[in-house]
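Each of the two complexes below includes chain A, the first together with chain B, the second together with chain C.
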Partner chain A sequence: MDINGKYTFNAQPEQVWGVMLNPENLRDALPGCDRLAEQAPGQYEAVMKIGIAAVKGTYKGKVEIADAEEPVHYTLRGEGSGAPGFMKGSAVIELQKSDTGTDVVYKGTMEVGGLVAGVGQRMISGVVKMMLKQFFQNMSKKMPQQTN
Partner chain B sequence: MKPSKFEYNAPTSLQEAVEILENNEEAKALAGGQSLIPMMNFRLAQPGALVDLNNIPGLDYIREEDGSLVIGGLTRIREVETSELVRAKCPILSEATGFIGHLPNRNRGTVGGSVAHADPSAELPTVLTALDAQIRTFGASGEKSFQPQEFFLSYLTTPLESSDLVTEIRVPLPATHAKGAFMEISRRRGDFAIVAVAVLLEIDENNVCTNARISLGGVSDTPLRVEEAEELLEGETLTEELLRKASAFSAEIADPESDYHATAEYRRNMAQVYTLRTLKKALGMEEEGSK
Partner chain C sequence: MKSKMEAWVGKKMERREDARFLTGRGKFLDDMRLPGMKHAAILRSPHAHAKISSIDFSAALELSGVIDVVTGEDIKAMSNPFPCGVNVPTEYYSCAVDRVRYVGEPVAVAVAENRYIAEDALDQIIVEYDVLEPVMDIEKAVSPDAPVLHDNIGSNIYAHRDFQYGDFEDAVRQSDITVEGRYYFNKFGSTPLETYVVIGSYNPFTEEFEVYSNYQGPFVNHSLVCIALGVPENKMRWIIPTDIGGGFGNKTGLYPYAALMSLVAKKTGMTVKWNEDRREHLLASATGTDRVTYIKAYLSKEGKILGLKDKVMDSPGGYIRPPEPGCSFRSTGNHTGCYQIENLDRDVSVVATNKGLTAPNRGYGCGHLYFSLESIVDKAARKLGMDPAEIRMKNFIQPDQFPYMTATGGIYDSGDYPKTLQLGLDMIKYDEMRAFQEEARKQGRLVGIGLATVIDPSVTNIAYVTLAKRPEDRKEKPKSGSGESMLVKIDPLGTVHVIACTNPQGQGHETVICQIVADELGVIPGDVTVHNVVDTHQRVFTITTGSYSSRFASVGTTALVKALRKLKKKILVLAADMIGASEDELEFAENKVRVKADPKRAVALRHVAGRAHWDHGGLPDGVEPALYASVVYSMPTSKAPDEDDKVNSSNTYGFTGEAIVVEIDRNTGEIKFHKWASFHDAGTILNPPIVEGQVMGSIAHAIGSTLYEELAYNENGQCLTASFQDYLVPTAMEIPRVEIGHVESPSPFTALGSKGCGEASTESTPAAIANAITDALSPLGIEITELPISPSKLWHMIQEAENSN
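Then we have the complex of A and B:
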């Protein structure tokens, strides 16, 4: 499925870059992320608990930050698998300066397979949207407060 | 498949159930089990403990009280479906329950369980949203009550805390002359609805619509009331043309997902088609070209 969208932060692109690519912030902001450990520059091992209500699963996998051009764009790739199934996705993320700060524009795709995809199919895009919303809301709390 | 290991508790009072749920974060309430147990068998849900509510007396009832239909949380869907009282006083509720799964699911499944599960494609959340029913809960922090818009927050997501249980639904009785209908489209009878529509209309002696409620299921992460359509119809005599205009709002407000049963475009289209069909069915208007 396609995952496209935009989120605007009230901060400058360089600041947004710094905050978003910091592994500790990533771990805090990613909903359900229990562990994000750097294995090599830009490559992380991840453990995430994903789900809603009673339907939860632990997914272990990798996250990679590639083709990074500070503070303009980077590619984010991830894959993980767990008892409920597997997921694999990638997105190109662009930071664009705007009047109110920085627009983070993301364009990507995601594949979900296994049990959760079969039984929970109609909820997956909805859950992904919810997680993205939480992620950006969590990140915006970490952005430096703008002073005039 | 088999569920993963879990502890089993069978409290005999509401208080006891709430205490177990409050003290054990891994615990999940079990009512009819028609949503929970299949998920556990697939291991999509792996609660460490179950709190079986089925031995708690006094939670299954259907009665009329002060202009409302009052239904206990543990009432089986089948009871609601076959109840003479419900059929007489709130026929749209009888109609909606007939679409829930298959007969064995309705024999075990409960009203409280379905509401707490909060599936946006499910019949009860959709019809209770049209009826503007009150949802009452009881838990460690006492009694609470919610209107549907405050309760159905997103997929399977409600304001219920870990020890909160849905103990009662209060449905304000529609006016005796109210007209209503419930329709849904699914791949096979008994499947989850691709789109579901619940309609309730009050028409006065001058043939003017004084109250319109239209609720959609399966088109968003919660049931949706089509308020713009409701506003269009209220205060007017309902002609076919007006109903068509109103149905177009369903396509506008719908924000469905695609999956392999139906694309988002198809669901959006069906929201409009089925809103019109359900409105016409409620009013007893002939539908050309359909059975």
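Then we have the complex of A and C:
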């Protein structure tokens, strides 16, 4: 499935970059993220608890930040598997300066397999949208207060 | 000779089985408890195509209550691949070894104190996969750059045959017009209410396996499992309970799990029970194949079909296993349906794709066959400006032509196709409906009438599976037959007992058996007890034993009648002696054997039994004690295929059709049924309510497969319909009112003239619905060539057609 969208932060691109790529912020902001531990620069071991329909479970895997060009764009890749199945996705994230602050534009794809794909298909895009919304809302709380 | 009025056969009699089913006294396998029984759960592949790099189950073994975990490596060490009747080398084990080839394939089995703990154990098993590209589309799978599933085969073609019958070139030359099309039939299953259950155990001292399962036959697979596991057949005991909650062919695919749980029991030293859940059933039990057909018909300008050319591609999924490639050859004898078509050119491929595995599924390939055949007949009618009923009447085999030998070797026993179609047309008031259609069209409404007339083959002749091999490759070990065994006995106090192994899954065998015994022996059905359990140690069974291809009503009942008549011969010897009359003066009635002309001269049946049982020494010379007879009977029309690939793939052939009036809502694509007549000729009707149940059940299954159900996979091989949320089995609300009509053309090949009827309408309905919708949408030039059909698909087609005008 395709995952495309935009979220606007009331902050400058450099500030947004700093907040969004901070591993502790990532762990706090990602809904259901229990663990995000750096293995190598830009590579993290991740444990996430995600529920889709009645299929709730733990996914263990990795998250990778690649092709980073501060503060313009980067690629975020993740994959995890567990009892409920596996998830794999990647997105290109671009930070664009705007009048109100920074537009974070993301464009990516996600693949889901196993139990969760077989019984939760119609729920998946809804849950992903909800998780993205929560993620960005959590991140915006971490953004520095702007002075007008 | 009983009059039709007095006879039990043909009477509207309630089913004996229902009392126990409705009061919770049925004995289904899940209710069974064996001492020390443990429970298994199966870890299944989340990938459609991948290499298994490693399996680490150490964490699973740490859980309290977990006994062991068995993987494909263990299974490979303990068994050989299942043999399969194709030329290519096949490697199908009951658990994945090194590689997975469909989502849901078993990868490991956890055994624990209960199912909950076993499933918790699965969560702790870590499998590393090396994901490979899957191929999901049948036509893509045969292209040269497709990912290959089996390296040792080298391509995705499990089997390929081409056939020519009659003089096809001549038919082409003689024809005035041709019509052609590509048709796609979807992958679906029959979702029996009860899923697979297996309880396996192994005795290391006697080296004997004992397996309880709700398998439905054929028992050729018992032998195949013994071969795969390297055990002598008398060291593998299979016991099938009387009560099974539905099979519809899907439970023929159970035997690999019987093998798996046998090996798990052996490795763990435990009695192990496995009960499949619904998701497992949809992914990894057995469903029908999907099929791509290219078909071309050659006709005279008068509408006579002179020849047919077809190219068929089926997919049994990630592996091929018996009875496949039966799906592609089962309908050989009835390939030309109810028409006189003598000239054929056929190309049949059996293809690997990364989908769940297949097995017989109600109709077993005939729904697929008739979807393309009946659609092309309608298309020809449209091209010639003929009415679809007219073109069928013109091409039907006529009533005076039976027994009729088809171009492909089928021997059609009986029927009156024109009469039966006419019955259907009269039931829906065909001419009135055409007038209604014309009026409706003037108002811009999309009303259509669809017909389909098909031949329902019952009682498989197991020979047909060998058609996957060329004549020169199958000569050495011929296979054929339709054998069924029956034993009838009368106990010392004179009560009647039938011991059958017809392996019913809810069809009502017990009831019909009692009716037949009552007629033959002059007792009432209530006097008869039936014991219907297949036990490979305790029963005389053969490779065809089982209930599939609707064989009970034809070969099952014939074997029973033969056993009863054999028993009656012995009873007459004793009774004649006891009454002092000659055998040909006697009849069986009212629990007595008596002189027809002088009924007062009689002896009670129980006294004849007493004579046979209580005074062995006083019996006439040559007469054995006790009173029983047993028969194993195969229909004589079941022979091996000949050198020209002609085979009588079945033994009785019924005629079925549907006449359906539909209306499509232009704005929503919704399909509404105005009228539906289902017309049947399955020979002698043994029990009318049972037949009605079968007709409605097969219609319900077909409505499901045509309009709602599909095992859908995305391009990554993920199954999107692995629960009833998405795999839409119709409810009572989705089934319209259907009027059912019957003609009875008794079969000359069965003792009572009856034929199977349980699959008939599943075979005719998809074509009839498609033809009705095509007829409704013909003002827009739309033709239905793919199943399933949904309102949203129709809506898009309508939009596209309207926009291009």
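Observations on the model:
The criterion applied here is as follows: the second predicted complex is superposed on the first by the 144 of 148 C-alpha atoms of A that agree within 3 Å, B and C clash if a C-alpha of one lies under 4 Å from a C-alpha of the other, contacts with A are read in each partner's own complex, and residues count from 1 in each chain.
Methods note: contacts are C-beta pairs under 8 Å (C-beta built on N, C-alpha and C of every residue); 3 or more make two chains touch, one makes a residue touch a chain.
What you see is a predicted model; the values in this text were computed from it and never measured.
Touch counts on chain A: comparing chain C and chain B, the chain ahead is B. Residue contacts after overlaying the shared chain place A:S125 against chain B, while chain C stays out of touching range.
Once the two complexes are overlaid on the shared chain, A:A83 sits against chain B and chain C alike.
When the two structures are aligned on the shared chain, A:L115 is found in touch with chain B and with chain C. Residues common to the contacts of chain A with chain B and with chain C across the two structures: 57, 83, 115, 119, 121-122. If you check the complex, the residues on chain C that touch chain A are 46-47, 103, 122-123, 279, 282-283, 716, 718-723, 725-726. Every residue of chain A that touches chain C in the complex is listed here, in rising order: 57, 81-83, 85-86, 111-115, 117-119, 121-122. Residue ranges on chain A touching chain B, taken from their complex, read 1, 52-57, 83-84, 115-116, 119-127, 130. Per the touch definition, chain B reaches chain A in the complex via residues 28, 36, 39, 42-47, 117-118, 121, 154-157, 192, 221, 257-261.
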